[in-house]
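Below: a set of structures, written as C-alpha cells.
Paired with chain B in one complex and with chain C in the other, chain A is shared by the two complexes that follow.
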Partner chain A sequence: MKEKPFSKYQILANAVMIIWTLAIILPFILLFMSSITDENTLVANGYSFFPKKFSLASYSYIIKSGGQILKAYGVSIGVTVVGTLLNVLLSALMAYPLSVKNLPGRNVMMFFVFFTMLFNGGIVPSYIMWTGTFHIKDTIFAQLLPNFLLSAWNVMMIRTYFTTSIPDGLYEAAEIDGASQFTIFWKIVLPLGKPILVTMGTFAGLAYWNDWTNGLYYIVKNTGLYNVQNLLNQMVQNIQFLTQSSNSNVTAAASTIPATGIQMAIAFVAILPIMLIFPSFQKYYAKGIALGAVKG
Partner chain B sequence: MKRKMLAAFLAATMVGGLLVGCGNSGDTSGSSKSSSGTTSTASASGEADASVTKTELGEYTEENPYHLVFAFVEFYEQDDAARTAVQDALNEYMIPKYHIEVEFLPLQYAEYQQTIQLMISGGDELDVMPIYYSNASSWIAMNGIVDMNQYMDTPEGQAIKDVLGEANATVGSMNGILFGFPAQKESVELGGLTMRADICDELGIAEEYGLELNQDEYTGKVYDWSVATEIFKKVKEAHPEMTPLYLQGSASPMRRLAFFDELADQFGVLDWEADHDSTTVVNEFETDTYKEAVTQLAEWFDAGYIYPDALTDTQGSAVMMKAGNTFSYMSAIKPGYLVEAKASTGTDCYAMYFGQDVEGGYSTTNVSFYDTGIATNSADPEMAFKFISALYTDPEVMNLWQNGIQDVNYKVLDDGTAYYVDGEDASNFKYHQNTGWFMGNQFNTYVWNDGSKDANYWDKLQHHNDWAQYSPAYGFMWDSSEYSTQITALQNALNTYRPALETGSVGVAGVEETLQKLNDALYAAGLQTVMDAKQEQLDKWLDENGGATETPQSNLDTIAAAKEAN
Partner chain C sequence: MASLKKSHASSGSSHSKAAKFKRYLPLYLMFLPGAIYLLINNYIPMAGIIVAFKKYNARLGIWKSPFCGLANFEFLFASSDAWTITRNTLLYNQAFIVLNTVVGIIFAIFICDTFNKKLKKIYQSAILFPYLMSAVILGYIVYAFLSQSTGIVNNSILSALGKDAVNWYAEPKYWPFILIFVNTWKGVGYGCLIYISTINGIDPSLYEAASLDGATKWQQIKNITLPFLKPTVITLTLMSVGRIFYSDFGLFYQVPRDSGLLYSATNVIDTYVYRGLMKSGNVGMSAAAGFYQSIIGFIIVLTANGIVRKVSKENAMF
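Here is the complex of A and B:
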C-alpha cells in the first residue's frame, strides 16, 4: 500500500516542528555570532546574525587570560564527571533494594526517600549543616555534595524501571545458579538498567554542569574553585549591579568588567561540551524516559 | 490501621522538624545575645602594659593575636598571590601594634549582601563587614550586628569621632543602635551631564559655557536643565545619527533632576525643592517636583533626545560612550571625576553641573550609603572595634589594605602622591583596591596620581562637602524591619512603572496616566501605612534630637559667597 506523499497533517506537523526547532537553535547561533563580532560593531549596531565585522578577540582574551577561566572549566568538567558517576552509582545502589518486592521494611525506606521529594530544610538550615557539621565550605566538596549527589526523584525513576522492566524470573534464575545479591546487581541489574541509568546520568550531569548556586553559597574565599557558571553568573551580576548604581565611584568600577563579546564567548564555551555530548546519549535518553514514565 | 500509623509518623516527623528548627534558632540568638551582653561593660581603662591587649573576653599578645576576619568588597580584580602578600605585610604591622591578625575576605559587589547574610545566620567566622544601609534594619532584627555605642567612650571610639565628626560618626544609628560608620568620602551628590569633548568643541558648546578639560570642581555655578535642552537640540541637528542623552531604565536619573531626602527607601520622602525645611513625609510620586522632572524627561524623549531603547537597555553609559554614538549621560560629579570618566568612556569629556544648588544635599541616605560594622559572629567585638578604629585613624593600615606594599605594589612620587610601580598600570596591576570611598578613611591613603590629582586632592574632596545643605532629617534612620512585606510590595509596584517614567519613554501624553497608575499601585501596596510609620518615627526622632538638623553656618557662607560671585 502506498501512502500519500504529504498529508495535510504531515505538512502542519512538520511546519510546527521546524518552527519549534528554529526557536531553539537560532538563539544559540545568535549567541555564537555575537561572540565572534567585533566589540564596537556589537555595541553600535546590536546583535546580528550577519555581523559587519568579525573578530576573534573575545576567544583570544579567554585563552590569554587563561588562568581563571580555564581553571573554572577544569572544575566544571571534573565535578560533572565525578558527580555524575557518584550520582548514578548511589542512585542505583539505593534503587535496587527498593525494587526487591520482599525486602523487609521496604515501605518505611520508600517513605524516607519520598519524604525528601516533598520537604527540605531550606537554604539557611542547609547552609548551617553543610558548613557547620560537614565543613565543606571553600572546598571542592562544596561543588560536589549539596543538592545534586542523590535525588529522590532519580531513585524513584530507577526503582520503577527495575521493578517493571526486569522480570522477576531473572532474579530467581540467578539465585538458583548461586549468585549473591551483589553479583545480581553487577551482572544483571546494571546491564539491563542501562537505558534508565544513562538517562538519569544525563540529568545529573546537566544539573551539575548548569549549577551555580553551590558555588555562590559555599565558595566565598577560595574563588579558584568557581566553575564556569559561577564565573559567568558573577560577571553578569556584577555588570547589573555596577551599571545600575548612581554612585560615581561604582560607575567607574563598572568600566573594568569584561565587554559584551567576552560574556558571549564564555557563555558559548560553557554550553559547548553539553552540546557535543548530548547527541551521543540520545538513543538511551528517549528509551529511558518513555519506559520510566509509561510504566511508572 | 497502617495508613493511620503512617499519618501519625508523618506528623511526628514534621513536628520534630519544626522543633529542631526552633531549637536551633533560639540557641544561636541566645548565644549571640550573651556574647554581646558580656562585652557591654567592657572598658580598656587601667591597662598600661602595651604588650598585652586585654578585653572583657580575652587577652591578646604578639604571640597570641586575635584572629580577625575582615570582609570587604573588591570592585577590581586582584591577583590572589599579591593579595596574600599584602595580607602578610599588614599582619607584620598589625600583630605587634594591635595584637590583631587580619584575614582578608574579599567579596563580590553583586553577592556580598547575600553572602554576609548567610554567614551571619550560619555563625561563620566574621568580624568586620560592610553594611549597605538598607540592609541595616533587617540585619539588626536578625541580631546580626553589634551595637557599637558601648565602645564609643573608649579612646578608639573617640578617635573615630575626631575623624568623622560627631554627626557623621553617629549617622549609622537606628533606634539607638549604632550599627556602622560611613566611609570618609564626598557625600554631597551634585551632578549633571558628562559630555563628549570633541562634539562640544565642534558645536561651540565648550566656548559658550566656558568648558575646559578636567574642569570638574564645583564652584557654585549650576545651570538650569532648559540649557541642556538647547545643547541636545544643537547636537541632534548637527549629528542626527547620535543619541544626545543616554539613559537606562534600571538606573534612575531622578537624583540629577530633583532632590528628595529619600529617607532610605523612597516610600515617603521629604520634598526639598518645594520646602527645604519641611519635616512632613510626603509621597514622592505625587509631588509637583517629581511630575515636573518626569515631564521634562518625556519632552526630551518625544523630541528624540533620549536613547530610544533606554527602557530596556542594560549596557551602561561607559559602553555606550565607547561605541561612539552617544553624546552625553547623567552622573554625579566631583573633583577628579573627569579623569575617571575618560578611563571608563575612552574619550575626553566635559562636565556641566545642572539642577539647583539645593540638590547638593546631606541626607542620612547619602552619607551612610556604605557603612562598616561588626557582625555578632565576632568572637571578640571589642577587638573588631579596635580594627575599625585603625581603619579610620591609622594611615599605615589603610594604605596597606588599599594600595598594597610600598615599592612592590605602588611607589610614592616626589609630590606626595602615589602611583603603580614601573611596569604596571591600570590594565595589569597586581594589587590596587581603590575602594576607600566604600570602607574606612580614604583621606588617610595616598592620593592616586592618575593624571589630574595632586597631593591636596583630599582637601578638595573634603571641600566638596562644604557645599552641602543638610536635610532637616539628617541623622534619622528609618527602621523598616516591621514593614518588610509592604516594602517588597511597594518596590515591585515601583519597578513596574518607574523605568518607563524615568526614561521619558511614556511620552508627555502618557505622564499623567502612568503617574496615576503608579500611585494607585503604591497605595494598594500599603504606602500610607509605611508613610504613617515613617512620620511617627521621624517625629519621635525630632523630639529626641531637639528639633531638625540645621546646615552648619560655614556651609551656608560658602554657598552664599558663590551665589554672589556668579
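Here is the complex of A and C:
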C-alpha cells in the first residue's frame, strides 16, 4: 500500500531519525564514559568517548565515602516513594467526587481545582508562607510538601478517566447494596482507575525524583536533607563560586569538591533509576503525554 | 445504611436538602484533603501576591508589613532588567513554540512512516528519554560538551578544525542558540508523541486512496496528515502561548550554570525572581516581577483561550 522500503523518502526519514537518536544517546554515553575515566586523564585530555585510561575510582569513592552521597540517595528514594503514594491517593480522592454527576456544588469544586492552573501567586509569597508560617525550612517536609503533593492537572486527568470509564449506574447499584461511599471508592473506583492512577503516578514520581528547586529554596543549612539533585547542584555552585572569586583560599576549598569523575558518577547514578524503569514505564509516560492533548 | 436508602427515596421532599447533604457528605470529605492542600499551596500565595505593594519586613510578615504603593514597580521598571527579562522570556518562548511544533511534526511524520517496526520503537523511546531528565543532569551533560578546558567541543571538535577554544560560559552571544537547541533536544519528544498518536488515528484507507490516485508523499502529507494535525497543533500552541510569560527555570538556571557573564542572554523572569529573593535579598523587586508575571500571564491565558473559542470552539481549554 505504501512506497517501497528503500524509496528516497524512507531513506531521508530514517537518516534524520537515526542522526537524532544518536544525538540523544551519545551524550548519555559520554556522561557514563567520563564517570569511568581516570581523573588525571580526564583533566589532561578532557571528556572523551574513548578515554585513554579507565578507572572505577569514582564509584568506589561513592560507596566508601558513605555519608552525604548515600544519604542523598536515601532522601531521593524516600521522598519519591512517599510523595508519589500521597500524590496518587490525594488526587484519586479528589477526582472521584468530581466525577459523580449529580453531586451538588460539583461545578464550584471543579472551578476551585481548575483555577489553580490559570493563576498562581508566584514563588515570593509561597516562599514567605512556607518558611514564615509553616517553618518547613531545613526539614524533610521541604522536600515533600511544596508544589508536588498534588497537581490540578493530575486531578483533571483522573477525573476525566473516572467519568468516561466507570459505568454510571455503578455507584447507585453499590449504594443500594448498602456500600458506603468509602467502600465504593476503595473497592470499585481505585481498582477500576488503576491504569490512569499508574500513569499519573509515574509523572508524580518523576517530578519528585527530578526536583531540585525545593531543596534550592528550603534546604539551606541542613545539607543532610539534600536529595541527589541538590547535591549535584551544590557541586556546580561551589565550582562557579571558586572560578568567579579571586579569593586565596580557593585551593583549600577546591580540594573539598569531589572531582569531575565523581560528579559524573553521581549524575549517572541519578539517571540510573530512570533508565531502569524506562523500558517498563515508557508506555505510561507516552500514554500520559498523549492524554495531555485531550482536554478534560 | 438504611438511612442511605431512605434519603435516596425521600429526595424531592421538603427536608431533601439536608438529606442530600448527608448522603453526599462522604464525597465532600474525600474532596477535602486535596482542597486543603490547594488552599495552602496555591490560594494563600495568590492572596500573598499583595506583597508586591508592600515594603516587606520578614519580622512583620506579609500582612503586617507597611504598604509602599507602587515603589517596588517603579524600581523594577526603572532598571534595564525589566526589559531584558521580558524580552528574553518572550523571544525564547516564541522560538521554543515554533521549533517544537515544526520539528515535532516532522519527526512524528517520519516516525509514523518508518517501515521497520523495531526502528520505529527505538525512535519513539529516544525522543521521549531526554524529556525525563532533570535540569541538573541536563546542565552536567551540556557542561561535558562546553567546558572550556575539558569539554568535547573545545577539545576534540574545534581543535581538530584548527580553531581556537571558546570560553562558552563567558560569551552570551552563543547562548540563544545553545538554549534553543537544548530545549528542542529535551522537549521535542513531548509534542512529537502527541502528534504520533493523532497520526495513528487517521484512517489508513485515506492514504491508500490517495496513492492509488497517484498522489505524491508530499501531497499526502499536505492534504491528509497536516489537516488532521491542525486541531492538535492549535490545542498545544494555545497551551504554550498561555505559558509564554513563564519559563523553564531549570533550563535557564542550570544549563548556563548560573554564570553571571551570561545574564544578558539567559536571564528570564523566573531566574530574576529567584535571584532577587534568594541571592540579592531584594524581596520587593522580586515580588514586583512575580506579580507582573502572574498578572500578565493570567491575561494572556484568558486572551489566548478567548481567541481560540472564537475561531474554533471545540479546541478551547474552557
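By our rule, the second predicted complex is superposed on the first by the 246 of 296 C-alpha atoms of A that agree within 3 Å, B and C clash if a C-alpha of one lies under 4 Å from a C-alpha of the other, contacts with A are read in each partner's own complex, and residues count from 1 in each chain.
Keep in mind that, in the parts below, a contact is a pair of C-beta atoms (placed from the backbone, for glycine too) under 8 Å apart; a residue touches a chain by one contact, two chains touch by 3 or more.
Small disclaimer: the values here were computed from a predicted structure and weren't measured.
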| item | value |
| --- | --- |
| Which superposed partner A:Y127 touches (first chain B, second chain C, both, neither) | both |
| Touching partner for A:S35 - first (chain B), second (chain C), both, neither | neither |
| Which of chain B and chain C A:V43 touches, first, second, both or neither | both |
| A:K137 touches, of chain B and chain C: first, second, both or neither? | first |
| First (chain B), second (chain C), both or neither touched by A:Y217 | both |
| Touched partner set for A:T80, first chain B, second chain C, both or neither | neither |
| Which partner reaches more residues of chain A (counting touched residues only), chain B or chain C | C |
| First, second, both or neither for A:N238, with chain B first and chain C second | first |
| Touched partner set for A:Q181, first chain B, second chain C, both or neither | second |
| Chain B and chain C footprints on chain A, overlapping residues | 43, 119, 121, 123-125, 127-128, 132, 216-217, 237, 240, 244, 260 |
| Chain A residues within the chain B interface of the complex | 40, 43-44, 111, 115, 119, 121, 123-125, 127-128, 131-132, 137, 216-217, 220-221, 224, 234, 237-256, 259-260 |
| Complex contacts: residues of chain B adjacent to chain A | 6, 9-10, 13-14, 17, 21, 24, 75-77, 80, 105-111, 114-115, 118-119, 121-124, 185, 191, 248, 250-252, 255, 314-320, 322-325, 331-334, 337, 340-341, 343-345, 369, 434, 437-438 |
| Residue numbers on chain C that touch chain A, as the complex places them | 1, 4-5, 8, 20-21, 24, 26-28, 30-31, 33-35, 37-38, 40-49, 51-52, 56, 58, 61-62, 106-107, 109-111, 113-116, 119, 122-137, 139-141, 143-145, 147, 149-152, 154-156, 185, 190, 193-194, 197-198, 204, 207-208, 211, 217, 232, 235-236, 249-250, 254, 257-260, 273-274, 277-278, 283, 286-287, 290-291, 293-294, 297-298, 301-302, 317-318 |
| Touching residues (chain side chain A, partner chain C) in the complex | 1-3, 5, 9-10, 13-14, 16-17, 20-21, 23-25, 27-28, 30-31, 34, 42-43, 45-48, 90-91, 93-94, 96-98, 100, 103-104, 109, 112-114, 116, 118-129, 132-134, 145-147, 149-150, 152, 155, 175-176, 178, 180-182, 185, 206, 209-213, 216-217, 229, 232-233, 236-237, 240, 244, 260, 263-264, 267, 270-271, 274, 278, 282, 285-286, 289-290, 292-293, 295 |
